[in-house]
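Both of the next two complexes hold subunit A, though its partner changes from subunit B to subunit C.
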Partner chain A sequence: MKDEGGRMNPESRPGWQRFIPHPSSFILFFLLLAGCDNNPNPPPLREKRDDGSRWLVRYGGMSEDPRSFDPQFAYDQMSRRVMEPVYDTLLEYHPLKTDPYEVRPGLLDAVPVKEVGADGKPSYLCRLKTTARFHDDECFPEGKGRPVVARDVRYAFQRLCDPKVESPFLANFSEYLPGLQAAHDAAEKSGRFDYDAPLAAIELIDERTFRIHLTQPYPQLIYWLAFQCTTPVAREAVEYYDGKKHGGVVRPDFHKFKAVGTGPFRIVEYVPRQRVRLERVEGYATTSFPTDGFAAEAPEWLMALAGKPLPLIDEMNFSIIRENLPIFILTRQGYLDAMGVNKDAFGAMVTPGREMSPKYRERGMRLEKDVEPSTFWISLNMRDPLLGQNKKLRQALSACYDSKTYSDIFWSSVAPVAEQLIPPGIPGHSREWRNPYGFDLEKAKRLIAEAGYPGGIDPQTGRPLEITMDMVSVGSEDRQRSEFEQRCFASIGVEVKIRQNTFARQLQREDTGDFQMSSGTGWGADYPDPENYFFLLYSKNVPPAGKNVTRFNNPEFDRLFEQMKTMETTPERLEIVRKMNTLIAEEVPQILNFHKAFYSAVQPWAPRTQNNLMLEGGVKFSVVDAALREQKRKEWNRKPLWPLAVLGGLLALAAVLGIRINRRRYV
Partner chain B sequence: MSVFFTHWLTQNLLVLAGFALLAWTLWSVSHHERWRRAWLRFRADRTGLVALVVVCLYLLLGALEVVRLPAGKGGPQSVLDLFLSGITTEKTYSAPLATTLLSSAQPEPLKGRHLLGTDALGKDVLRETLKACKTALILGGLTAAIYIPLGTLFGILAGYFRRRVDDAIQYFYTTLASIPEILLLIAIIFVLGQSLTSMCIALGVTGWVGLCRLIRGETLRQTERPYVAAARSLGQSHWNIISRHLLPNVMHLVVINFVLGFSGIVLTEAVLSYLGVGTPVGTASWGNMIDGARSELSRDPLVWWNLVSAATALFGLVLALNLLGDALRRAFDPKQG
Partner chain C sequence: MFNYVIRRLLYSVPILLGVIALTFLLFNVLQTPEAAAAMAIGSKAPQQAREAWIKSRGLDRPKTEQFVKHVKNLATFQFGTSWKTGRELNEVFRQGAGPSLLITLPGFLAGLLGGVGLALYQVYVRKSLLDRSITLFAVALMSVPTVVYIFFLQAVGALMLNYFPASGFDWRGWETAKFVALPIIVMAIVNLGSDVRLYRTIFMEEINQDYVRTALAKGLSSGVVLGKHVLKNGLIALITLTVATLPRLIMGSLLIENFFGIPGLGNLLVMAIGTSDQPVVLACTYLGSLLYIGGLILTDVCYALADPRIRLS
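Moving on to the complex of A and B:
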């Protein structure tokens, strides 16, 4: 069938000829193909450095978006990961010293030493480095960053007290630093914080020197000085970036996602749910790679970094990836420089001998094991009439819980079983210590009988003893965990009913004490000190005052805690810690489960320079061999040519058919 | 009260009562001419018969899992558990018919062979798939027990009384139907708490609208017919007309809707479990198995057997129910022979 111009209507073409696409569609298809690439990373900010050398970029992943870049407000891991390279802290964790952890100077020129004043109260004299500067930013006159001064440190501490900042850190300091709580209360009353008023805790001595006053000894203060909450911020920056409209332009909000830092990187881009990009700050000279702390077997290339100026790379790109699978795929393709080996990738990457599997070893990838200073457990409510009154029952529940199998199933046997509350790396953790009520089924059966429930049967009802356990349940894996735990308790005849909660609901239940057992609770160390763990069982820290969710109340434990919390780490203190460990093990306010640990797969071009998990990534210590990465990426992402050949063949066939149809029509 | 209902003896009696009720219903309708003719037509439908056998098989498996017997020290066990007592539980995943655990970190030898492998907690997948029939049976049965009376009653009342009663019922179900179903289900489950019973209530409360519409339409048609006019002229009460004349004439629609709706309920359970608001922890269900497969599919090596067996069991039941529904529709269709 033809139209008036003699052209054939494509709809009227007979049979199979209708399925032959127009040649122009092939051209369009190839044009679209040209735009395809499996590299999800954006192009680097620059191709070369000013001196002509290669611009070095590292690619990492983040599982969630950061919540804020305000150092006095943000407490979550993702925010801290971004802020760490942007804000230098007064002190910082030594990247190479992890057992025990040590701090070294950051913005301060030395680690301050405790002094005792005439009034018997302790204080720390601190002096800022002359090299410490704020980044260039339009909030400063002529856009030039200025040196960090003592006033900025006081301003940071004042911000901790400002109710408008809503800092979660104030509670940690108010007991020890004078004037903080009073300043907070006064601001709350008046509705405005007076930043011009002095703060008793911070005495300004000169431009670079200040003294931190304490009301009582608090050795943990040193670790808080290595936390971003005490890092100095510029008042000009906070006041300039108020999130309001000025001259028709809305300025970013310092409290949200604007950072004017002092560290080796600045944030150049944050695209929610996609990426955060950091660029090296020219002229940064505050810190350098350590010259001590190298392991005896440290490789030569690592030793060669000693004393080098930081950072060692020019750009850091954090991709925000929520799912595990893309992380694995991108690492395999070479688009991520490292990945945590989750249980889904475990079988493919790790051999039974706990080594990198041959497939990935051949690629030059390395396997690194990290044990995070954290402990996870099941909380038992000590105010519950059943659990709180029956120690033998708590001991039986602890003895029937198979933490080893839990680790085997859910952590691919990587996470060590928690024998004590204090995790490895924290003073007071003992490798030899064994939990007397660790997994032992026979003992558990004996204990449950002694507790008055032989075979788990409640003599009053003649039915299995019923206990309710709360847990966060948001996915299939949580359900599997619950089922595993039910099975453990069922092994001594106890029937555990699971009450599923959202994370927020679970926290609420823990805070109000509305639970019998609460599964999945854990604590990651804020600082490497046993006090940071034992305070979870101190009777004065029952919510809302603190996080003693078990409502554990033991006068002897409290006495020991009060004695050890302000002590320096000495053999006497460690002896007290040992006693406290014994006491907790006997009382069983928690069923200890595991210390979080994981394997990381590291690409050959991005070897680890440090393994300190108190650092949030330690970006400024990272290195990269960009040439090797480029070469490997090409090798690993070779595009197969056969689809092109097939497409070419199809195109040729279509052309031949087209010509024949054309001939038939017009000849 | 809850102890009474959770006692194994009560549950056994409830199952027996349910099956007895079903048998009695079938026996009583077998005297009805229309149902007898439908049975004759159904008997000649080979696809329908095969589908019926498959559905009965699923029902039997479900019943075997519900009925529990005292079995020594461990307390009462389901009949299915007693049949499958030889099947061992492993530590974690193992592939179908494998001899060692899947974990490359610890390839320990297995205690036994597993036709369809084992899941993350080492449970035999075949056994879990069979046990999940119970969940489907309870869900389908209890939900139907809620939505069928509701849908039938409201449908007949709307179609028979018309006017304001019809307007009120229509307004009510249109409003209910305008709320996104999944959201409504999730909201009800959150309010009632996550359990199999709450899920049945949620599905029942939201699921009667379709049946109500159907019954209303059929009742509108039936009330125009002479036998209803005759009953009215003889002075029969509304109750008599509805229960003796209208209800038997719309029952075939209820049966077909029940059969087809059953498969919908089983599928909704899978969807709700996938969204994390399905059956509670420890309940074997195909939805939970499919939900679990979400992360298993990204594993390397791939764990496919959990998904395949749950999906196959679900597919088998849903297909059989749909075929049975079609066969019943054909059997009751007066235009057919």
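Moving on to the complex of A and C:
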């Protein structure tokens, strides 16, 4: 095809051009993609249940990979989130009782009661439920799971002591449970743990009954029985899944990512950095939905769940998503059943009145507000010659710190100001309690003068008093936090210099005491007991042995701590807790900041059935209306075709323009 | 050429040793074993657990002993296990290379094709208003940070148009394409601006050569002259710019993989840096430098193969 001048018509395609995609192929590519589903979730494991009813799947997110599925080893939140539905614990947190938190039977048939033996030593008699069983797995004869027996519990406690397991929990028990530390030390010496030897702490009474012996009272043990580290594991499973090659096939390693659980779900798929999928275990009958603890205003559909067998869904899909924007998009499209309303999505989803924005309310979404049992503060180094010796100065620094504005700016006013170290929901937390050195600028100015630095001026140098504050700094928000904190202290004339650290470096400084003030320290409750907070200020817990970062050393506080730590929660104990609160409020080893809180946006088809933050998601209590989700997804994911037309038009225009312009020259 | 390649390979040994020493020093100076243990097993883990962790990984041994062992392991490609997840790194790398290549290779090719195509188009309409407009557009593209492209395309392609998943990855045959389409588009666009400007300059130099006039005088069409002769001669310059990149594609893209949830090696490195997972970072750095050196040698070889006038000695 040549024109009058004998030149090739640019619209024709010589041989070489056939190897280059034609512009129209791009449009075809986009059309094909547009025809694709934008759902990133995998298809459900099954379409229908055996009885023909709908297969119910929940879709959730995880911010990072789990570290292991070994209950005696994994301590991180993501591992616990996956293990919770897979391994039933001996006791478990009651999903509906959160103020204060309560435990209820899990694998045990009742919450054990403390008994005192003839030797005056306490113990707990425990009995396993007859329904408690391990999942079917090839590690058992004929692949059939067997009942959970008392020796499985002893085996779990033995694993805590085995140096090869590297359990981070041993230190929590070794002071209270006899024989654990000795078993660990013996194994370390011999290089092998003797699992056939008895363990003084766990006495086997019969197949289902065992007694936990203690060296001294430790009421917190009840909460540890609701932690995955004490959940029974089958010795057959640990020995079978050794991570070695057998008959040409490498078996998974129980210590890493193989679970043979006792809970309502089994792990069917874990793809690192992608997802974890759980499937309901047929025949599970160990726990059911509680029949008590419902709030007076609980809706009818929730009340109807009382006593129902668990779980209420068939499959759980956790997608591992680290970034905020995709979480927001996927929730908007209906591909995630709920999301934490992060800072990026806050403006879009929450009104200034802290309600769900009308746009999302119209979609049927609900806003759930949760306060985590955690407290965050600025640590003051009590061994620092300046801060440690000057109580008035510490009080002044605390009184000038505006935690409310901090929460407004960095937590969108969601996080409540911490008036005390113990967070809400934990016995000893008082709603009425007010920090005597909470934000009060006038008082702070008066206190700084009384501390010997009127107007913040150091009389020795005639210049503003200088204090260094360490903080983790990885992004612009951290810089903004440091600027805010500097401004607070500058309001009483104190010049705070910021030393920015990586997280590892900050930990190192806290461990070695190489700091004056350390910002961003916090503690999330391991169990709902004030001891779990006050031990952070106990003088025998100074790092690296413990977590008393402030190096607070007060004999009276220590005395009260030793007294209360082994007491049951009684009015007498609560009175001691009140005294301790008063003492630390006066001494100010920490500038209290906030209790972590967050909002969650929940889809209309996945209403919350529980709000217990000691649970890691409570998957087995979850419900879903899959038909409504399907309908909404269709509605929310329509694909407009006009952008493809625009793209095609632009390409055509470029071709026409090119040809027209080029006609005026030879090449 | 063989001698040249051998010599270059030998030169690379001290470079690699330097990289290994520097990264090893950085981690071991900036981070104590205690802090590493706290990062790996959690800051709540008691001292006893941290000490056990340090001992089991040999971090209590003298630094020189640790370094020698580290070099030996890297040289034999025994990367050990991740501190964070306990997974074997050789397996992790094997699994991560696929998703990375699935993005970087098509992204690179699409970027190259798009850049060359647009540059040739600019030469085709050169010195016109359209040509200048494309140059201006290219400069604008150059000025935009990668993260903005990612956010913009996620917002448009995933949120507004619902064409692609916003995040995620799965090996699902042809359906895998839907997971990588957006990342590939971002990958192709990220360097498009600078590439187009560079390629245009290369092609503009060629268009004024004598052989172009000769080809036209012989009656060849403008399409053939541009697409065959100009492109072919311009490719020699392009090789030096692009071949060095090829081996590194396996290491993936840090930002793109992270934001689109692609479980490739770039994503792995970002996570490892965030969690101070020393074995992963050290192994990735080592592999990255190895591939970079390989890329440079490959460039020299390709250059000599493409242009007979060049002899490697």
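Note that in this section the second predicted complex is superposed on the first by the 609 of 667 C-alpha atoms of A that agree within 3 Å, B and C clash if a C-alpha of one lies under 4 Å from a C-alpha of the other, contacts with A are read in each partner's own complex, and residues count from 1 in each chain.
Assume a contact is a pair of C-beta atoms (placed from the backbone, for glycine too) under 8 Å apart; a residue touches a chain by one contact, two chains touch by 3 or more.
In this text the structure is predicted, and so the values were computed from the model without any measurement.
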| item | value |
| --- | --- |
| Subunit B versus subunit C as contact partner of A:Pro40, first or second or both or neither | second |
| First (subunit B), second (subunit C), both or neither touched by A:Leu325 | both |
| Partner chain in contact with A:Ala652 - subunit B first, subunit C second, else both or neither | neither |
| Touched partner set for A:Thr351, first subunit B, second subunit C, both or neither | first |
| Partner chain(s) touched by A:Val268 [first = subunit B, second = subunit C, both, neither] | neither |
| Subunit B versus subunit C as contact partner of A:Thr405, first or second or both or neither | first |
| Partner chain(s) touched by A:Met303 [first = subunit B, second = subunit C, both, neither] | neither |
| Touching partner for A:Ile498 - first (subunit B), second (subunit C), both, neither | first |
| More subunit A residues in contact [subunit B versus subunit C] | C |
| On subunit A, the residue positions that both subunit B and subunit C contact, one per complex | 323, 325 |
| In the complex, subunit A residues that touch subunit C | 2, 6-8, 10, 12, 14, 16-17, 20-21, 30, 33-34, 36-42, 64-65, 67-68, 75-76, 163, 166-168, 170-172, 255-256, 271-274, 319-323, 325-327, 329-330, 332-333, 335, 502-505, 507-508, 511, 526, 543-547, 637-640, 643, 654, 657-658, 661-662, 666-667 |
| Residues of subunit A that touch subunit B when the two form their complex | 323-325, 328, 343-348, 350-352, 354, 357, 405, 408-409, 412-413, 455, 463-464, 473-477, 479-480, 482-484, 486-487, 498, 500 |
| Touching residues (chain side subunit C, partner subunit A) in the complex | 30-32, 34-36, 38-39, 41-50, 52-53, 56, 84-87, 92, 95, 113, 117, 121, 124-125, 128, 130, 151, 154-155, 158-159, 161-170, 175, 177-179, 181, 207, 212, 216, 219-228, 258-261, 263, 267-268, 271, 276 |
| For the subunit B and subunit A complex, residues of the former touching the latter | 3, 73, 75, 91-92, 102-107, 120-121, 194, 276, 280-282, 288, 291-296, 298-301 |
